[in-house]
Amino acid sequence: MSQLATLYSSHWIITFLVFFPAVAGLVCLFLPRERIRYWAFTAAMLEFLVSLPLFWTFKIGRVGWQNFVTEPWIPDWGISYALGVDGISLLLILLTTFLLPISVLVSWDQIKEKERAYYAMLLILVTGILGVFVALDLFLFYVFWEVTLIPMYFLIGVWGHERRIYAAVKFFLFTALGSLLMLVAILVLFWLHIDQFGVTSLGYADMLRVEVPGSLQYWLFAAFALAFAIKVPIFPFHTWLPDAHVEAPTAGSVILAAVLLKLGVYGFLRFAIPFFPSAALSQTVLMTMMALALMGIIYTAWVAAVQPNLKKLIAYTSVAHLGFIMVGTFALTSHSVTGGVLQMVNHGLSTGALFILAGFLYNRRHTYEISEYSGLAKVIPVYSGCLVLVALSSIGLPGLNGFVGEFLILIGSFGRHPWITLLATTGVIFAAYYMLPMIRRAVWNDLRHDENRQLLDLSRLELAIIVPLLIMIVLMGVYPKPFIDRIAASAESLSEEIVLIAGQDAQPQQRVVAGDFTGSRAGTQ
Amino acid sequence: MVGVPVLDSMLALVQEATTHERAYVPFLPSWMILLPFIGFVINGAVGYLAPDRRKLVSAVGPGVLGLSFLVAAVNLVLLIAAHDAEPVIRSYWTWMEVGQLRIEAALQLDQLSVMMALVVTCVSFIIHIYSIGYMGEDPGYARYFSFLNLFVFFMLVLVLAANFPLMFVGWEGVGLCSYLLIGFWFTEPAKADAGQKAFIVNRIGDFGFLAAMFALFAYLGTLDFQAVFAIAPRGFEYGGAAVTLITLFLFLGCTGKSAQIPLYVWLPDAMHGPTPVSALIHAATMVTAGVYLVARTGVLFALAPLSMTVVAVVGAVTALFAATIAVQQFDIKRVIAYSTISQLGYMFLAVGVGAYTAGIFHLATHAFFKALLFLASGAVIHAMHHALEHAGEEAGEDVTQDMRNMGGLKAYLPTSFRTAWIGALALAGVFPLAGFFSKDEIIWSAGARGQTLLWVLAVLTALLTAGYITRWLVMVFHGASRVGEGARRYLRAAPSVMLVALVLLAVGSVVSGWVNVPEALPLLPEFTWLHQFLHPSFEAAEHVLVEHMGEPAHVAPLGGGEGTWAVLSTTAAILVVIFTFMALRGKRYLSAREAAEPTGLWRLLYRKWYVDELYDLVIVKPFKALCMVSWRVIDQGLIDGALVDGVAYTTRFGGWVVSRFQTGYVGTYVLIIVIGILIILGAVAL
Amino acid sequence: MLIESLLLSAILFAVGVAGVLLRRNAIVMFMCIELMLNAVNLFLVAVSRYAGIEGQVFVIFVMTVAAAEAAVGLAIIISIFRHYESVDVRNFRLLRW
Amino acid sequence: MDLSQIVFYLFAGVAVASSVLMVTRKNPVYAALYLVLTLFSIAGLFVLLDAHFLAALQVVVYAGAILVLFLFVIMLLNLGHAFEPDIRGRFWWVFAAGLGLVLLAELVAVMRGAPERPEADIVGPLLEARGAVAAVAEPLFQSYVVALEITGILLLVAMVGAVVIAKRKA
């Protein structure tokens, strides 16, 4: 037992988690076709089971890195192999490994051609994602960041639907554009570090120490922020997402929505904001980011409300949800950041489940048009029950997971930005406005299409896919404390440190609450 | 599950409590909530796995509620025995905890919450019994009961929660059940639409609730009821902007849930649900949650006189407004629905002038007589539906529920007829029925707090109420029968389970008023009992009120004491009832198919002041257009078309231009190479 | 003689370029290219007198490459001629995407 | 003006004249022969410029082998008759000449920087000491031996390639 405990506090477990999927993916290429999916599932399940104990071995309340390692890799250029886990990345890692076997199962009967490459891509993608979450060296981070790009491109472009090429190219160009600018910014940081400390390094902690002079900070922040904003995606950069989702195969959509988008928020939390705190928290930048996030919440909710295509609707709701998370991220209070990280997980579960359910419908009728379905509750009640439950979780019904994250984000942000939070809160109204009509049109009403009369309810395989998600959705709504506990310490120290640094650098403009929200402010005892 | 030994121990506890005075120790509080949830799980499972096991469902659905009611009753007795007990908080687990924020899954048991829990479980239990008969032949029987149980679960969470977020869980949860139950017969688009409307309109209110919570936390650093109410008088300046905004946000939540102006529009549509659902959710329990919330947070409202005024004014105006609409409705359920909105207005008027007990009192009595009225109309609809269906005529909702198609039903449905009269008179405020006591206290309180205008509105509403409910009785039960010859033969009284429920509620409608006999009418040895019982819950709020506004007066705006006005008002109500009855009894109504739309002012009322049309024109349509513009013009046109694809097309065009040089002829390439060399060399040479 | 040699190589190169532009016969175009290569060779040799023997070494490489190029090029011309019965460059426009 | 300079100008004149004729003659065979003449002149210039070995190579490889190959191909393809002129129209005459002149001007402009009188002749003494062949061969087989080997491979590849390409398809 103690050996196991030692293993789980060492970096080897993380190293294994990161690289095992890629190795398994490569093995896929050499197996007979009919055995690929079994192998992929075994590997995915192994990955998940190995990752699971991390949840308990993670030391709650401890600030700083766990399972940390840093070994020189290419010392001439200051590149090291540095990994570590903290409260912000832990749940995202577990979310990724949790969704991996589910994605494999989702693809089970859906992917019928080029299976070898498909499962290889899926697994390699997970390596990239996990790598981004744990990398603590900018070079390593950038490599993993780019690794996520290519498998996703192929997943959409090869196994997608009709307009897959358009969507894949759009996805690729958007994301590549952002990451190239980020590379430039990383290089600038690299040179600044050499100037200031005389040694080459790209390590995370070293980069934090770099003093970036005045206006350069804004430029570098902009470069990082663009890369992450596209990934999130924040308002004007969001148009690749609906296309990518609509065209991607179900598993692609699941991974894309549930985990890949989180890389953007994670990037903001881990890199963009801590590296350039005074730029990020300067009034102009902060207000711009908040305004864009609000646009994401409100405007995309409007757009989602009129979507005729189920997957597009879900995609737009993703943008809206991530708007909430961005508000929480930039409000930078311990509550809002904790809520933001928790909401990333919640959104991964609910939106992942929504995409899976949309995929189930697609497998039956080969269309995502909502108008093609009606009265589903009558033919496939179990499916409809799942869909309603997941939709409710997505619009933040208290008692289900979505509420907890949203609540923490908003209650945390209110103390610092009351008016912005109020505007963001209107999102809950619009959430009902886009989700319920979809439910009404698809699930309620009478059967209007004869094709739907013969629909089969969820099969055992499909139940096996969706039930774990539903359990998590309810569990995280009713008893989110264990999850919050793991996030809170890191989120708190992160937000406090950044606000402190930014406060030293600039005039403390955004610390005061009550002046904004007129009235007297009482002591809080 | 609770078995017989538990019942024994329950009895022992009650016995002990009534004989000795002792500190309040809650009796199985979690089971009160858990029982309906267990019912939900069992019925839900049956609904999916074995929808035909109706017996099981009939036993479990009402059974869990009965047990839950017993638990609530025991708790009430225990509370009564322990005079002025402090609230007891039972915490089960920590829901969320980040830094300063700590939200427990905790129940608060005090006079107010246990009293509410008792009303909720009692009315729910009776309505569950009624549903056995009413929904007996529905294919979604198990699903219906599982939703209904789930509703009671959430309602109890709402009532018993010890902090705002947990209350919000119940708050949204009951909204969800309301959504599911309004749209219970989801295959009909109108019903699915109505459910959706209810949910979305309620969400607007929920926005207010959320915002209030955020602000409360920002100012006070806690969301537990006890802590908030303890800190608030010191933490907030009296009448300050902060507390005013917070309470206004809370009240926005209330207008949504309790169907007040401006968010009342969903409630009439909610009548599309099964009638027992209308009785339980949209009359007796859920819609009163707003009143409960204002009463619960009385301290905060007391600190914000402006919000108090807003609450009272909105309440009074809604009361009158809805009553006017009720006068010209022909749908049997819609009349009562508008009546509900109107009565809720009364309750808000009460809590808005600081008469919290009066508000809760009316809430309780209203729960009985309004549920009774709904269930009686349910019995009528059931009979009409049955008759028309057997006669082979069209039996849609618009036919079976239109009062112009009824009339003279007293001969066929005697029990419903008698109980409906009890309910109607109670609603009209006729002595000695429940409504008399509670409504009278509200009107009196409004006057006593010096709100003369609101007092006038309330009195007017009372007269209108007596009028429209008499009209309702006459149109349904009296006069000549307008039911077709063929169908009339099939009119049958409802199953006995339904009648039992009617009788039980009728008893409640008679008795429940006597728990709070006013001081001015010394009819019982112990007057204002409810007031005294609830005193601990409202003590703090009343203290603040008295401190800043002084004691309420003892004379009405036009002079005269409480007793005088009580006698006056019941006399007036009786007169209006008699007058209306006489005036309408002989009137001949055309059946719905032949009747023309009313004209003049009547049409304005018949069309509900055109509010739905106005909302549609001013809010819904522009908003839909806005959504469409956002998508088509901004998202697809501007961002995706002009910017994203624009860049792509520009690049592609550039590529096309350059590709024109790729002629494939060696000569062209040579030429281009040479020109290139010349240019480079030229640059070097110069 | 350095200046003169350089000038001569420039002239020969220019003539070669003009020839390539002027002619349509693939073989003659090839010969013009050979001329240009020789101009460069001349340049290298002229400069190598003062810069070192490497210039001459380099000319050897140029010659080899020229020989290889001539061999492959002429082979291509033959195969094209087989197809089009012509070596006129107007007739073939294969050098496209 | 000493003898070597006279010879230089003689060869230079022949080279320029024959190259111009090569470009302008219609018949490919004539063009090839004029090219041979040019190459010979250049070989002569090589001698004057102290590159005796290269001069020999020029005559043997270029004039001897490559040009024979050209002539061989021309005759193989039976192009010697010039059924139609392969020279472009009048516009192209002017255009090509113009471009050529511009190029010439630019080359001259670039080469302006060359020293009027270079200070030391390096190659002359080397040839004296080592002999014409060894002077070139030593760097070729020592410093540049890798490049030389690669060149050998290039020739092999070119040979194989030429055979494959020119082979008549079955």
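Here the chain labels run A, B, C and D in written order, and each chain numbers its own residues starting at 1.
The criterion applied here is as follows: a contact is a pair of C-beta atoms (placed from the backbone, for glycine too) under 8 Å apart; a residue touches a chain by one contact, two chains touch by 3 or more.
Because the structure is predicted, anything quoted here is derived from the model rather than measured.
Asks: Considering only chains that satisfy the touch condition with chain A, which of them also satisfy it with chain B?
Replies: Intersection of chain A and chain B contact lists gives nothing.
Asks: Out of C-D and B-D, which chain pair has the most contact pairs?
Replies: C-D
Asks: Starting from the mean Cα coordinates of chain A and chain D, work out the distance between those two points in Å.
Replies: Distance between chain centres: 67 Å.
Asks: From the mean C-alpha coordinate of chain A to that of chain C, what's the distance rounded to whole Å?
Replies: Each chain's C-alpha centroid was found; their separation is 61 Å.
Asks: If you average the Cα atoms of chain C and of chain D to get two centres, how far apart are those centres in Å?
Replies: The answer is 8 Å.
Asks: Round to the nearest whole Å and give the separation of the Cα centres of chain B and chain D.
Replies: Distance between chain centres, rounded to whole Å: 101 Å.
Asks: What parts of chain B, by residue number, touch at least two of the other chains?
Replies: Chain B, residues with two or more chain partners: 674.
Asks: Would you mind listing the residues of chain C that make contact with two or more other chains?
Replies: 17, 21, 24
Asks: Provide the list of chain D residues touching at least two other chains, using ranges where the numbers run on.
Replies: 99, 103, 107
Asks: Taking the complex as given, what residues does chain B use to touch chain C?
Replies: Touch list, chain B to chain C: 659, 662-667, 669-671, 674.
Asks: Can you tell me which positions in chain B touch chain D when the two form their complex?
Replies: 674-675, 677-678, 681-682, 684-686
Asks: Report the residues of chain B in contact with chain A in the complex, numbered from low to high.
Replies: 48, 93-101, 165, 168-169, 171-173, 176, 179, 183, 186-189, 192-193, 195-196, 199-200, 203-204, 206-207, 210-211, 213-215, 217-222, 231, 234-237, 240-245, 624, 626-628, 630-631, 634-635, 639-640, 643-644, 648
Asks: Any idea which chain A residues touch chain B in the complex?
Replies: 170, 173-174, 236, 238-240, 299, 302-303, 305-307, 334-335, 338-339, 375, 377-378, 381-382, 385, 392, 397-399, 404, 407-408, 410-412, 414-415, 418, 421-422, 425-426, 428-429, 431-433, 436-437, 439-440, 443-447, 478-481, 484-485, 488, 491-492, 513-514, 517-525
Asks: Using the touch definition up top, name the residues of chain C that touch chain B in the complex.
Replies: 17, 20-21, 24, 26, 29, 89-90, 92-97
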